[in-house]
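First subunit A sits with subunit B, and in the next complex the same chain sits with subunit C.
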Partner chain A sequence: MGPLFPNGIITGEWDFVIALLLGIIFGFVLEASGFSSSRNITGVFYGYNFVVIRVFFTAVIVAMVGMLYFDYFGWLDLSKIFILPTFLSPMILGGVIMGVGFIMGGFCPGTSFTAIAIGKLDGLVFAIGLFLGIFVFSLSFPLFENFFVSGNMGNVTLTDVTGISAAWFAMAFTVVALAAFWGTSIIEKKIRKNMTEHTF
Partner chain B sequence: MNRNYIYLTILMFILAVGTLVIKKANEPKQIEPQQLLFELIQPTRYVSTDQVAKMIIKNDPSLEIIDVRSAMEFNRFSLPRSVNVPLDSLLNNTSSYLGIAGTKVVFVSDNDIAADQAWVITKRLGVKSTYVMKGGLNQWMETIIDPKQPDPTEPYTAFETYAFRQGAQLYFTGSKAEAMESSKIKVEVQRKKKSGGASGGC
Partner chain C sequence: MNINQSTDNEPKYINPYLGGVLLGLLVLITVFVTGRGLGASGAIKSTVVATAKVIMPATVKSNSYMNSVANSEHSPMYTWLVFESIGIFVGGLLSGIIFGRVKKFRIEHSPKISSKTRLWFALGGGMFFGFGSQFGRGCTSGAALCGTATFAFGGVIVLFAIFGTGYAVAYFFRKLWI
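On to the complex of A and B.
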C-alpha cells in the first residue's frame, strides 16, 4: 500500500493539509515531552537531564523497527521511500553548528516554536534569530555553495554503505537506545536528588 | 523504577530481535502494474501461425519457440526447433531461455490461453520481446498442416496466403502437394490427317 504519495493513494494537493495535521501532532508531542523548556533540552549537555536522548531514541527505535515490520506486512514499500541525499562533510559541519546553537540557544528550531506557543520570551528571541540566520545564509549562499554541494554520496542508506542489513542496524540501535534509556535514568537519579519520577 | 518501563523495554527488545527473524519472501523484481496493464491490452504480442511458419522455414536464428504444454504432450507432437518448458516450471528455467538479447520468444500451447499466461508471467518479470502464437497449435493445425482453400470470392491476399500455406504444409509434413486436377487431363495431340491423293480441285 504505502508509501502513500508515490503510490498515488494520496495526491499532491493534500500536502498542506497533512503537513498541518502532522505539525499539530508533532508540536503537541514536543510540548508534552517537555521540549518547550530550554532547561530540559540543554540539560543533556550538562548531564542532569536526559529527556532529549530518551525521547529521540524512543522515536527513532519505534520508527525504525516499526517500518521494518510495515515493510514485512506489505503496508509500506521501503524501496520506494524518499531518502535524503547524503553530503558528508557539509552535514558534519551542519551538525556541529546545530549542536552549538542547541547549547547556546537552548532550543532546536521546532522546540522554539512550541516555546513560543506557551508564551516563552526566550523562544521568541530564538525564532527571530533563526529567521535572521536563514536570511543571512541565503544572501551569502554563493560563498558557501561549493562546500554546500560537496561530498554528494547520493541517496544512500547505511545498508548501502556497509552492507549490513537494516534489521541488524535496528537491532543494534535498539540495544544502544535501551541501554542509554536505563543508563541515563540511573545517572539522573544520582545527580538530581529532587527528581520527580514520571509515571504513565 | 516504574514497572511499565520494564515491560516496554522488554517489548521493544523482543520486537527488535523479531526484525532479524522476519525475512521477506525473496520476491522477484516485477514491473509496475500500470505498465503490465498497458502491455496486456496491446494486441502486438500475438504473432500468427503464418509468421511463425515463415520464420521456421527461413531458419530465422532470432526465433525461440517455447512450448508451455506438458512434457507428454510435447513428446507427442511439437513444432520444429521448439523447446519444452511446461507452464508450472516456467519460473525455474527462466534464466536459461528467456531474456537473451536479440531473440524473439514465442510461447506456444494448444490454444493461446496457457501461452498467454506464460506471457503475462514473464512480462511481469520484465522479460522483453516475448510473443504468443495466436490460436496456438490448434490454429497451426487448421492453417499450416491442413489449410483450407479460400472461397473464390475472397480477396487476392487470401489466395497468396493459401499458396504459402500449401508450401508450408509441404515443408512441415513432407506430403506431396495435391496435384491440380487440370494436370490430370490428358492432352491429346490432334494430328491432321494426311490427305490421300488429290481430291478434286482446280
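On to the complex of A and C.
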C-alpha cells in the first residue's frame, strides 16, 4: 500500500496541499514543545534543559518502531522509501559545521521558522544567516565540487553497512534513549539547583 | 526579555515526551504518504537559487550546483519543501497563538550578552548551519531526524556529527547562553 505517492495511490495535484498540512503539524509540534526559544534548545549542551533530547529521541524511536510495524503489517514497503544517500567525509564535515552553527545561533533551520512566527528577531536573523550561508556555499561550489561528491556510499541503511537488522538498531536506539532520559533528568536536576531560570 | 519576566511567566509547553510521540508519528505518516521525510534547509536552498536566478542569471547558468535546480520549467520555489516550510511557519504561528506566545517583535538572549551580540552570533550561526547543511545533504530535520528514523547511515552520521560538535565546542560559547 504505502508509500502512497511513489505507489501512485495519491496523485500529484495533492502534493503541495499535503506538504503544507504536514508542515503545519511539524511547526505546531516544534513550537508547542518549546523549540521556538534558542535558550531552551541550547539547554541540551549545558545541562539545564534537556527538552531536545526528550523530544528528539522519542520521535526517532516512535518513527523507527512505527516503520518496522508498518513494514511488518505490509502497509509500507520500506524498499520504496527514500534513503538519504551517504557521502561519508562531506557529511561528517557538514555535521561539524552545523554543530558550530547550532551552538552559535541556538536554532536549527526548522525551529528558526517557528521562532520567527512568534516574533523573535533572533530567529529571523538566524534564517537570514541560513540564506547567506547557502548562498556562499552555492557560489563557491566549484572550489570543492570534488570533495562534495567524495565518499559516496550510495543510499545505504545501517543494515547495508553493518549487516545487522533494522530491528536491532531500533531496539538499541530505544535502550539508549531510555538511559538518556533517565541520566539527563538527574543531571538536569543538579544543574537547575544553581540556576534561577531554565525554561524560556 | 529580562530575567524577571521569564521567571514570572514561565511559558507553558506540552510534555516533551508527548511532543516526541507526535513528532515521531508525523515522521512516520510523512514517510508513509510521500515516501520521503520532512525538511527545512531545502526550502532555503530553493530560495537562494530563485534569488540568484534573478540577480545573477549568468552565474547560475555556469554554476552546476544551482543550475541543476534552476533549470526546470517551474520556478525553483515550486517544490514540496518550500510548501512544507511555509507550513512550519504557519504551524508555529498557530501554536504560538493558542499558547499565547505571539508577542511583539523581540530578541531573546541571555542577560549576560547584549541584543546586538545575540544577533551577530545568530547571523553567524545561521551562516554556518546553512553552509554545513549543504555538505550534510540536509539539516536536523531532513538528515538527522528523518534520516535516522529511516535507518539511513548518513542520517546517523549527521546526527552524531552535529550533537558531538555541539558538545565539543559548547564550552567556548557558554557566555552566550549561561
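In this text, the second predicted complex is superposed on the first by the 193 of 200 C-alpha atoms of A that agree within 3 Å, B and C clash if a C-alpha of one lies under 4 Å from a C-alpha of the other, contacts with A are read in each partner's own complex, and residues count from 1 in each chain.
Going forward, a contact is a pair of C-beta atoms (placed from the backbone, for glycine too) under 8 Å apart; a residue touches a chain by one contact, two chains touch by 3 or more.
All values reported here derive from a predicted model rather than from experimental measurement.
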item: Joint occupancy of subunit A by subunit B and subunit C, clash or fit; value: fit
item: Partner chain(s) touched by A:S185 [first = subunit B, second = subunit C, both, neither]; value: first
item: Touching partner for A:F131 - first (subunit B), second (subunit C), both, neither; value: second
item: First, second, both or neither for A:Y72, with subunit B first and subunit C second; value: first
item: Subunit B versus subunit C as contact partner of A:F5, first or second or both or neither; value: second
item: First (subunit B), second (subunit C), both or neither touched by A:I61; value: both
item: Larger contact residue set on subunit A - subunit B or subunit C; value: C
item: Subunit B versus subunit C as contact partner of A:M171, first or second or both or neither; value: first
item: Overlay on shared chain A, then closest C-alpha pair between subunit B and subunit C (Å); value: 8
item: Footprint overlap on subunit A, where subunit B in one structure and subunit C in the other make contact; value: 61-62, 166, 197, 199-200
item: Residue ranges of subunit A in contact with subunit C within the complex; value: 2-6, 10, 15-16, 18-34, 36-39, 42-46, 48, 51, 54-64, 66-67, 70, 75-76, 80-88, 90-123, 125-139, 141-142, 145, 148, 153, 155-161, 166, 169, 173, 195-197, 199-200
item: Residues of subunit C touching subunit A in the complex; value: 1, 3, 6-7, 10-11, 13-14, 16-17, 19-38, 40-41, 44-45, 47-49, 51-52, 59, 63-66, 80-81, 83-96, 98-99, 101-110, 118-119, 121-143, 145-170, 173-174, 176-178
item: Touching residues (chain side subunit B, partner subunit A) in the complex; value: 1-2, 4-5, 9, 12-13, 15-20, 22, 24
item: Sites on subunit A touched by subunit B in the complex; value: 61-62, 65, 68-69, 71-72, 166-168, 170-171, 174-175, 178, 181-182, 185, 197-200
